[in-house]
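Dropping the structure in here first, questions after.
The letters A, B and C name the chains in turn, as written, and every chain counts its residues from 1.
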Amino acid sequence: MSALDNTARADGSEGSYNFAYLDEQTKRMIRRAILKAIAVPGYQVPFASREMPMPYGWGTGGVQVTAAILGSDDVLKVIDQGSDDTTNAVSIRAFFEKTANVATTTHTAEATIIQTRHRIPERQLEEGQILVYQVPIPEPLRFLEPRETETRKMHALEEYGLMHVKLYEDIARHGHIATTYAYPVKVDGRYVMDPSPTPKFDNPKMHDMAALQLFGAGREKRIYAVPPYTRVESLDFEDHPFQVQRFDKPCALCAAEDVYLDEVILDDRGGRMFVCSDTDHCEERRTAGHRGEMAGEEIAARLSAGHASDGEDGQ
Amino acid sequence: MSGATDRSELPLLRANGLTRFYGERIGCHDVSFELFPGEVLAIVGESGSGKTTLLNCLSTRLPPTAGAVEYRMRDGQMRDLFQLSEAERRLLMRTDWGFVHQNAADGLRMTVSAGANVGERLMAVGERHYGAIRGTALDWLSRVEIDETRIDDEPRAFSGGMRQRLQIARNLVTSPRLVFMDEPTGGLDVSVQARLLDLIRGLVTDLGLSVVIVTHDLAVARLLSHRLMVMRHGKVIETGLTDRVLDDPQAPYTQLLVSSILQV
Amino acid sequence: MYVAVKGGEKAIRNAHRLLAHKRRGDRTVPDLTLAQIAEQLSLSVARVMAEGSLYDLELAALAIKQSRGDLIEAIFLLRAYRTTLPRFGYSLPLDTGDMLVRRRISATYKDLPGGQLLGPTFDYTHRLLDFSLAAEGGVPPERPELAKIDDDDAKIPRVTDLLGQEGLIEADRPAGETDDGDVGDLTREPLSFPADRDLRLQNLARGDEGFLLALGYSTQRGYGRTHPFAGEIRFGEVEVEFFAEELGFAVPLGRVQVTECQMVNQFQGSAKAPPQFTRGYGLVFGQSERKAMSMALVDRALRAAELGEEEIAPAQDQEFVLSHSDNVQATGFVEHLKLPHYVDFQAELDLVRRMRREWQERQTAEAGDARQEAAE
C-alpha cells in the first residue's frame, strides 16, 4: 500500500492531523525544553526542532512552542509587526484554527497565548498570559563570534565583555548606541539574551512582565524563556544609559502617545503619517473615542486594498 | 638589566618537569624553573628549539604531556594551573596575565577601534562607565606613545610598530602581574624595534612586571631580561643571569650561539 | 476603521488560488501524472527523496508536481510531511555489499572481481540535444540486452574491502559503532558541535546537492586537498530490514535504490600506525553520483581534525559546513527577508534621520567656527 492510499491528507482534509499538528511525543519533547528554559532564564536550550509546513525563518520556532503549549480552551492571538492582519500572522493563525480548532482573537486582553513577531503588545500583559516570540537568530553574540562552540563557552563563563565592545564602538562612532532592534538584554542578572528583533522600544516591557515569555527559534533549534516577574535589563553604560525611541507626534488615528508608530507613506510627494504599530491597541482606543488628526476613514480604506495580482489582465 | 628582582620573595610562577610531545617528536622536555615577582626571564634558542612550545605550556594555551605549572594567585595561594577550572583560567588570562603575540593581529581585534581594543578587558571585568573606559584608553595610548587622535581608528590603519604598542597597551590595562611575550619585536624594522624595546623596558620597570619572553635575538634578551634560559632540541641546556650567560657562556652550544651573533 | 493591510486573509486566499491555476498551466496540455514524473523524471524524484529524507517515489512525484518542478520546494513539502509520520523504530544498517547492483565502477582498478558495470549513465554521452525526443509519441528506445549475472558473480565485493584485506586502507567500523557508542539521529536531537561522524554523514546525506558539490570541488582546487580516488561507485537496490522485537528476528520491509561512493584518500602514517589509505563516504537515495561523490569528498575533508590535519579550508570546518548544508533551512531564512520588517526598518529609519541631523548640525557648527576664525 502506498503512502498516498493510507493517508487522508491527499484529499485536502486536515482532519487526520494530530491536535496542533505535532504528535504528542514531539510536544512533550518541546515542553521539556520549555520547562528547562523557564528554570534557567535567558539560557538557550537546544531542542530537536521539526520541519513544519511553513518555511524556516517564518516562525517555525514560535509555531512549535505554541503547538506544544496550546490547549483546546486556549484563545490564540497572532501578530506580526504588531498587527493581526499582516500576511504571516494571518497564515499562522489560520494554521492553528485548522489544525487545533482553537478560538482566536485579535484582542490582546482576551488572548491566553499571543504569538508574535517583532513586537510586544502595547497593552500591559497579565498573569496567566503567555507571549511566544518568533526568533530568527537566538544568539546575541552571533555577529561578534560566529562559532557556536565559542559562544556557548562565553555564556557558560559569563564572558560578555565583547557585547560592551560593540556598544562602545557605537558610542565612539555615533555619539550614542546605534542598536535599534534586537537590543541585547541581561536576564535575571545572568544570561545575555537576544529579545528577537523587536524594536528596543519594547525592551522595558520585558522587565518584570506578569506574563510568561517564551522564545522559539526553529531553524537554529533553540528555546529560551523569561519567567513572569523577572529582571530584564538592557545593556548600557552608566554614562550612556539605555533609551528608547521617542516619536515627535502621537498616532495620527488614535492620538496615542508613548506607543510605537509605523510610518505610512501617503503619496509620492513626501506625505506621510505615523500610526500605531499595534493595530488592536489603536482600534480599542478609537472605539473608546480617541481621535487623532487624520482619523479619516477614507485613508484607511485606501490603504487596506490588499489583493493578489500577477500583473496579467483577465486572470 | 639587573637588580629589579627581589629573590627574598616567594616565586610567582613555577614550572616543574614540564614536558610536551607532539606524537613521537619532542616539543619541550623536563623544563623546571621559578620566576620571581619583577623578574624578566628570556628563553632563547633557534627556531624549532621548543621555546614557543614551552611558552604556550606555561601560559596554559597548550596542555603539557607531563609536568606542572604553578602560579601564585592574588590571594597568595600557589595553584596548579592545569587544575584550575576553565572559568578561573580564562579570568586569570584576561586580568592577571598578558600575552603579547609576535603578530599583533593575533592579539588585537582588527575591526574595532584602538580605544575598544584597550577597553575590552576593562569591560570584560565589569567596567560600565563609557567615559572612564575612554579615559583609561587615552591614558594607555599615550603611555605607549600612540597619538590620542588615533583612538577611534582601527588597528588595520596602524603601522606594525603601532600595532605592537597597541597590543601591549591592551594587555597592560588591567595591571597584570605576569606577561608572556612571543618574539614581540620580530618582523619589525630595526629602528622600530629599538623604540619598542625601550618602551617595553620602561613599562616593565615602572610597573614591576614579571615577564617570560621568547626570542631568538640575543640582543633583545640582553636588553630586557634578568635571566636567560638557552634551549636546544626541546631541552634547557644552560641557564643563568643574562650578563653571565652572554659574557661567559658555559655550554658549547651557547658559546656557538653567542659568537655567531653581533656582540651587543 | 484603519488597518494597514486589512484584507490580508483574502489576498492570501486569492494568491493561493492563482498559484494553483498557474501550476496547472495551459488546460489544453494534458495534466502530468505522478507515474510520468516518477518514471521519466526519476533523477528529480531521487533528489527530492534524498534531501527530503523520505523514500517514497509517489509522494516525491506528487511534491514535484505540486511545487511546479521547484525541487527545493518539493523537498520542503516532503520534509514537512515527514514530521507528521509516526516513528516505529530504526531499520538495521543497510548492507551495500549485498546490493543488487545496477551500476558499479572503480577508478582505481582496471578490472576487479565483479567487473566494471556501466549501467545507465550520462558518462561518455555527447551532450547534444536529441531533437527526436521533442517529437511526441516517438518510438521508445529498445531495451538493451542486460549482462547475465550468475549467482557466483552476484556478490560483488566492495573495492574498499579488497584494499582492507591487505590492510591498505583504514578499517571500516563495525555497523552501528561510533565514538560515543550510539548512532545519533539529527532529526530527533539537535546537532551540537563538535559533531561525530555519524551525525555529520546524516547531515551531508540530506544536505543540498549544489552546496556539497561546490564544497567537494573546492577541496579538489586546493582548499583542503584530500587526494581522492573514486575507489568505487555503486548504484542498485538494497534490502531494508527491521528487527521486530515481537518476532525476535529481522524482517525485510522492501528495497530501496541507493548510490554509494567510497573515496580512497591520501594515506598517512605515524610511528604507531603504518601508512594507510583513508576513506571518504557518500550514500544517497536513488541514482545520484554527483551527490554521493561530493558527499564523500566533504566527509573526508571534515575528518581533518580526527586525522591530525590542519583545518584551514571551508570544507574542513564542520560548524560552517553542517550549519549551512540544509537547503530547507537555507531557503526559508533567505526568503524570510520577504516578510514585513517595517517595525525594525522604522527603528533604523529613525536612527539614520537622527544621525543625519546630528551630522548636519556638526557641519553647520564647524562652518560657523571657520567663519568666526576667518573674521578674527
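Keep this in mind: contacts are C-beta pairs under 8 Å (C-beta built on N, C-alpha and C of every residue); 3 or more make two chains touch, one makes a residue touch a chain.
Please read these numbers as outputs of a predicted model, since none were measured by experiment.
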- [ ] Determine, using the mean of C-alpha atoms as each chain's centre, which chain is farthest from chain A.
- [x] B
Task: Pair of chains joined by more contacts [C-beta pairs], A-B or A-C - done: A-C
Task: Centroid distance [mean C-alpha coordinates] between chain B and chain A, Å - done: 49
Open item on the list: Could you work out how far the Cα centre of chain A sits from that of chain C, in whole Å?
Closed with: 32
- [ ] Spell out the part of chain A that touches chain B in their complex, as residue ranges.
- [x] 153, 156-157, 159-162, 164-165, 168-169, 171-173, 236-240
Task: Residue ranges of chain A in contact with chain C within the complex - done: 2-4, 9-10, 17-18, 21-23, 26, 46-53, 55-58, 60, 80-83, 85-91, 94, 117-119, 136, 146-149, 174-175, 178, 180-182, 197-201, 219, 221-222, 245, 253, 260-264, 275, 277, 279, 282-283, 286, 295, 297, 299-300, 303-308, 310, 315
Open item on the list: Quick check on the complex: what are the chain B residues that touch chain A?
Closed with: 86-87, 90, 94, 109, 112-113, 115-116, 119-121, 123-125, 128-131, 133-134, 151-152
Open item on the list: Could you list, by residue number, the parts of chain C that touch chain A in their complex?
Closed with: 1-12, 14-15, 18, 21-22, 56, 58-59, 62, 76, 79-84, 86, 187-194, 319, 323, 328-329, 331-336, 339-344, 346-351, 355, 358
